[in-house]
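Each remark here refers to the structure printed beneath this line.
Every chain is named by a letter (A, B, C and D) in the order it is written, and numbering of its residues begins at 1.
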Amino acid sequence: MATRSHSLSGQLADRLAATRRLSLDLAAPLSEADANLQPFPDASPAKWHLAHTTWFFETFVLRDHAPRYRPFDERFHFLFNSYYEAEGDRHARPKRGLLSRPSLAEVRDWRAHVDEALAKAMPNLPAATLELIELGINHEQQHQELLLTDLLAGLAENPLEPAYGELSAPACFAIGPLTWLPGREGVAKIGAVDGGFAFDCERPKHDVILTPHQIAARPVTNCEWSEFIAGGCYSNPSLWLSDGWAWVQQEKITAPLYWHGDGTIFTLGGRREIDGAAPVSHISFYEADAFARWAGARLPTEAEWEDFASGADPWLGHQLDTGGPVIPRPGGGVFGDVWQWTASAYLPYPGFRIAEGAVGEYNGKFMSGQMVLKGASCATPRGHSRASYRNFFPPAARWQFTGVRLARDA
Amino acid sequence: MATRSHSLSGQLADRLAATRRLSLDLAAPLSEADANLQPFPDASPAKWHLAHTTWFFETFVLRDHAPRYRPFDERFHFLFNSYYEAEGDRHARPKRGLLSRPSLAEVRDWRAHVDEALAKAMPNLPAATLELIELGINHEQQHQELLLTDLLAGLAENPLEPAYGELSAPACFAIGPLTWLPGREGVAKIGAVDGGFAFDCERPKHDVILTPHQIAARPVTNCEWSEFIAGGCYSNPSLWLSDGWAWVQQEKITAPLYWHGDGTIFTLGGRREIDGAAPVSHISFYEADAFARWAGARLPTEAEWEDFASGADPWLGHQLDTGGPVIPRPGGGVFGDVWQWTASAYLPYPGFRIAEGAVGEYNGKFMSGQMVLKGASCATPRGHSRASYRNFFPPAARWQFTGVRLARDA
Amino acid sequence: MATRSHSLSGQLADRLAATRRLSLDLAAPLSEADANLQPFPDASPAKWHLAHTTWFFETFVLRDHAPRYRPFDERFHFLFNSYYEAEGDRHARPKRGLLSRPSLAEVRDWRAHVDEALAKAMPNLPAATLELIELGINHEQQHQELLLTDLLAGLAENPLEPAYGELSAPACFAIGPLTWLPGREGVAKIGAVDGGFAFDCERPKHDVILTPHQIAARPVTNCEWSEFIAGGCYSNPSLWLSDGWAWVQQEKITAPLYWHGDGTIFTLGGRREIDGAAPVSHISFYEADAFARWAGARLPTEAEWEDFASGADPWLGHQLDTGGPVIPRPGGGVFGDVWQWTASAYLPYPGFRIAEGAVGEYNGKFMSGQMVLKGASCATPRGHSRASYRNFFPPAARWQFTGVRLARDA
Amino acid sequence: MATRSHSLSGQLADRLAATRRLSLDLAAPLSEADANLQPFPDASPAKWHLAHTTWFFETFVLRDHAPRYRPFDERFHFLFNSYYEAEGDRHARPKRGLLSRPSLAEVRDWRAHVDEALAKAMPNLPAATLELIELGINHEQQHQELLLTDLLAGLAENPLEPAYGELSAPACFAIGPLTWLPGREGVAKIGAVDGGFAFDCERPKHDVILTPHQIAARPVTNCEWSEFIAGGCYSNPSLWLSDGWAWVQQEKITAPLYWHGDGTIFTLGGRREIDGAAPVSHISFYEADAFARWAGARLPTEAEWEDFASGADPWLGHQLDTGGPVIPRPGGGVFGDVWQWTASAYLPYPGFRIAEGAVGEYNGKFMSGQMVLKGASCATPRGHSRASYRNFFPPAARWQFTGVRLARDA
């Protein structure tokens, strides 16, 4: 990726503008108080997402590469750093919801200030810096998904069950019985190809060995999950990993997150009937694993999933296009609706090297205690997905749009 | 208190209106996000205070005694109950800051709805119900003080150090050395007289025995507290109660709350110089007790303090008159500036009986694990104070305007 | 207490020897492992009690007042200090159960070493030092009671339900309905008289005012407590203090400690039938308070109890005489069987002053967050009790032999 | 493993007897109190290990396959089950140290009872049941290692620094600079071969792809670790995984477990000088990973390590032969001295299936949140090791003899 033409810079500017606009669109319906909700330490307020994504561009692009850039407010550097140790101290994560100031309007002004400076600077930036902008776009897309899932978690705490927006009614859609597709056997390649954007953790592309297996043609549905519940599986320890069973008991888990006992679910559109034909969502790795065991199957490995998806078009499927509420819908494809838990821990690929400097903290330091998810969800901005993408969360996390696609030995 | 004339009802209506207005004035400068801050579980958002005080009138007066009253929103009954078990389930206290809805505007509408209904109902209410209104006024005054102290705690979490409003500069004021006033010796009476409003816990009036003692003519100042710090007293276990020493070590306490190491303090007016002549504030019972031991003195008992204050006018002193920021100021009298910790546990007076019904939960059930504070602070609405008043907080609480007036055996 | 004759020293030596012997007798039936059990941080192993009481004499008498005394093992000073800050660092309380060494035999050797040195030193000690020995005897008596209650708590954790020793069968004993005795009204004196041993916190003797009241002729029985349970009182918040209700819910309390749901109780003699006629034991202050409220009564104040007990002989009643298991028995008197919770917080008496030096840490620094218990229990060494005695525990503590004697306004 | 000759049964009986004897030898020097130490919830008392290994044989062999067997004590089934959900309720793990009864002598009697019954039953057991005995031997060997490491953790809590036994002085031994061995590249096989004992998790044997790499000829030494400390690496976040850095800060980690700041270390032989030439031990995965990053290397994957070790004799090296204290020593080989952390999460091999029934809980349910360790330590019973062995612990665990062997890309 040594050189880039100016027209490439122009395309990047368009994508940057579209991404920046989408963030504002996502936050548009929120009140100051909505935008400041932090339901638990790992979820951040929407306003914080708007600010932190701006901090990224200000810090890694403008401060470092636009010599005459003047920061909008020096104090924001401390406030809106997420976890970059190399960038110094930062505001404590569990206290993001206590930042009633700066106001949403001030954060929007900051965004405009940074966007303007970026637009002015871009024509003169070298390729390596343009890559940082591309990284910033992808970073902001990740935070767009988090903005929606964190917001859902925040609104879910309110007994008034406020809706972020209006969702269309579930389509009347019948789902057929699960069918199985043959997986490839033998040596395959996974990881991102050279050229084109990918996160560092997706490289190097490398050989893996696939053993004989099959992979489900569609994700597990809400309807199937209801059978798992009805079968008493949440109280049968033989189905669970030891850590999972401890978690189920301690947290008193009896259903996916946001499910109510009466057949309804809380969504970004408020409370509504569970759509039996839609993929189950908001389940932990532990639940996905227990379900697979119950079903006589298992989770796919990351390599199996990636090989399976290598022919699919990541621009298709039910992904995020505009501001407003989203929910997994029946049908769908390989990408979209729900992220799919794999049996693989999030660990470095052979030959992976953490980059120098603060940007090197992006992915590598999280390679511990997390499981890989593949695909994309209804909250993933379209264009952000690819087969080599490695999403990751701790095994008990449920507030993302996380589901499960089964595999089995052949 | 068997009968009340209509003119009494008219006076009550005026006081009710003034109290209700003051709450709105206090909240006026706040953004939606400011009004929703909950810095820790025991502190509530300003919006919640506006709502809960309204809940009190709607529940105990309008619902129970105004037959045709229609609640503004049935769901608010669950949301804004504080701790009344007899009123059923309620929203979890630590999650009050997650209620981005109802909005501040909706809460204001609710307030107007209730105020209107109260105004309409009052002329026809019997005396016993008017007493509930008087209780509601006093209840709201307590929450006005909490609104300010909880807000201060919330803003203090923000590294931007936002000010709630503008405070005038500290007056140039010299404080002389501490002098001692003789306390009365022998049998004295404490507790509220019959007639006139008082909380249940202030009654019955009863005899106590006072041993020979003296009481300080003024509270301990910030200047004196600085000497306590400079003397290494926060690291000298021999000055502390065992629980206090455990608290100092676990919480790493080295100064009053909101003090910075550089001679400044965070206030409702933002950060400013500590005023050496003003009474020290934001100290725990443990700190007050350790200071007294260091000073060769002790805390006054509740009875000593109350007898001492029996001749003072509780309408005087630096108390709350209007919306806007407050801070303890030099000078002052018996009431105002800071609450004063006593050596007395908050326990029932001889013959105390908890009232029947939900209102009976007001005070009696908290008579465990708390210490009595006397007087009033700069955040106490003027008119709310009297010598028999029994404020109470756990011994480690610091976010109120709490100070110390010394006593000693004579 | 300025001078003491030599014959007084002789009497003291006899009492010292008897007390030291009783401790060994109490520990005699224990294995090394039994003697090292620490079921929770506030309970200590029996071996630790044997050692710590020895530490007290070695430190405050021999080290300070017997010039040629050589400590048995210098390292024990750190290991067996309980909470005396002035004596320097000490081994962490929650880790006492991890001291498998020194062995029980080594601790017994240490005891013999110290006993011998005390016997040799005593004839030449001045009166003030003999008072320290008297304090040491009383200190050891307190630990004898704790040895039994901590041991009970430790054995109770074992599903094998091991008995410390054999208890005689419950006597067949009928208890009549509760009767009430008139309490004194007006000014009375409480606190320890001058002369004779008392802990510092029992002084100065001082006047109190007693309001008209009655006090129950006997403690509440297990039979009466069963009615409290059957009446659903553990799930009725209106009976409980707010802290008590939080405790009941969090700890899932449904009966006194050591009660099983089948009418049996775990005791130092193993599991056995609950004796309905015996005083209820192992209840918290919160439970005592809730029971009293349910019974239309209240707890006595410390002053009421002490005045009531002023004519009773504290050498009578069911108290501890020899090694072996104990349990509250029907009948009994003012002293013995169970400690009785009062409505009074453990706070200093008027004019109380903490003594200088390490011994001054004995009582004063615990005057926070605790409630007073009066009387004595079946585990209190006979001779240790008196009406002015102030036992104290936090309101949720239940592992002592704690019961309740009711009072009511007259 | 379909059939076994009687002579095989005889060999098994010899191995069984030797293993059972070693457990007793390991516990021989312990007092009742030593044998009951539980320093933290994941470490068990030595007496519990003696009992639980006996429980395993009584439950899975004698109860299920020796028809006339009478359990020694029915209650032990509940007390000494570790984690087998299918075997019903069990005693809470954190409370194992509270079982002062049964005594060590009773547990020894139980062992004898079970050993006798096993000896009597074995000649008539079918091959499948003999396999359970082989599993029981291997299970007991694992607990022998835990007995030593848990005991070390327990004794380490005692400020008297008691020795479990006497260790010979460190040999005077010089260690040369680290050299690197070439690893194999391409497809290799890992996992246990058919025939011969292996745990279920070691199968199926399967192909893996090895990328070009080198592996260190010896583990990292204490001397090298001292440089890591001296280089300030425990306070440099850029060297650590995010979880590791959080752990270092929260637990205030500054050196391997049992290291004192003065160049000494606590061992099973008491406190002694750190032997610079010996492999570093008692480090977490996080520390191993940070050290590797600092050294410009990385941890080997499980496959790299296993392929590297495939030619080494697992009977060699410094492993456990008899009762008494152990410590890693300079020199050594592939097996022995310290377990070696790998970069691989403990996850199922392709085609792995959890066995039916309670024995199926042996390994599979722990495949979450743990990292693989390879090799063997000085506390691993000789004969228990093999290249395919998969030891596993959570990434923060340090109380095993855990060290690190580096790898790097070639």
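Everything below uses one rule, namely that a contact is a pair of C-beta atoms (placed from the backbone, for glycine too) under 8 Å apart; a residue touches a chain by one contact, two chains touch by 3 or more.
By chain, UniProt protein names: A, B, C, D = Ergothioneine biosynthesis protein EgtB.
Predicted model, so just to flag it, every value in this text is computed and none were measured.
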Roughly how far is chain A from chain C, going centre to centre by Cα mean, in whole Å? 59
Using mean CA coordinates as chain centres, what's the gap between chain C and chain D in Å? 46
Rounded to the nearest Å, the gap separating the Cα centres of chain B and chain C is 38
Quick check on chain A: which residues sit in contact with 2+ other chains? none
Connecting every touching chain pair, does the picture come out as line, ring, star, complete or other? ring
For this entry, which pairs of chains touch? A-B, A-D, B-C, C-D
Residues of chain C touching chain D in the complex: 31-37, 39, 47, 75, 78-79, 91, 95, 97-104, 154-155, 157-160, 162
Give every residue of chain A touching chain D within the complex, in rising order. 83, 85-86, 187, 206-209, 211, 237-238, 240-245, 285-286, 289, 293, 301, 343-345, 347-348, 350-351, 354, 365-369, 395, 409
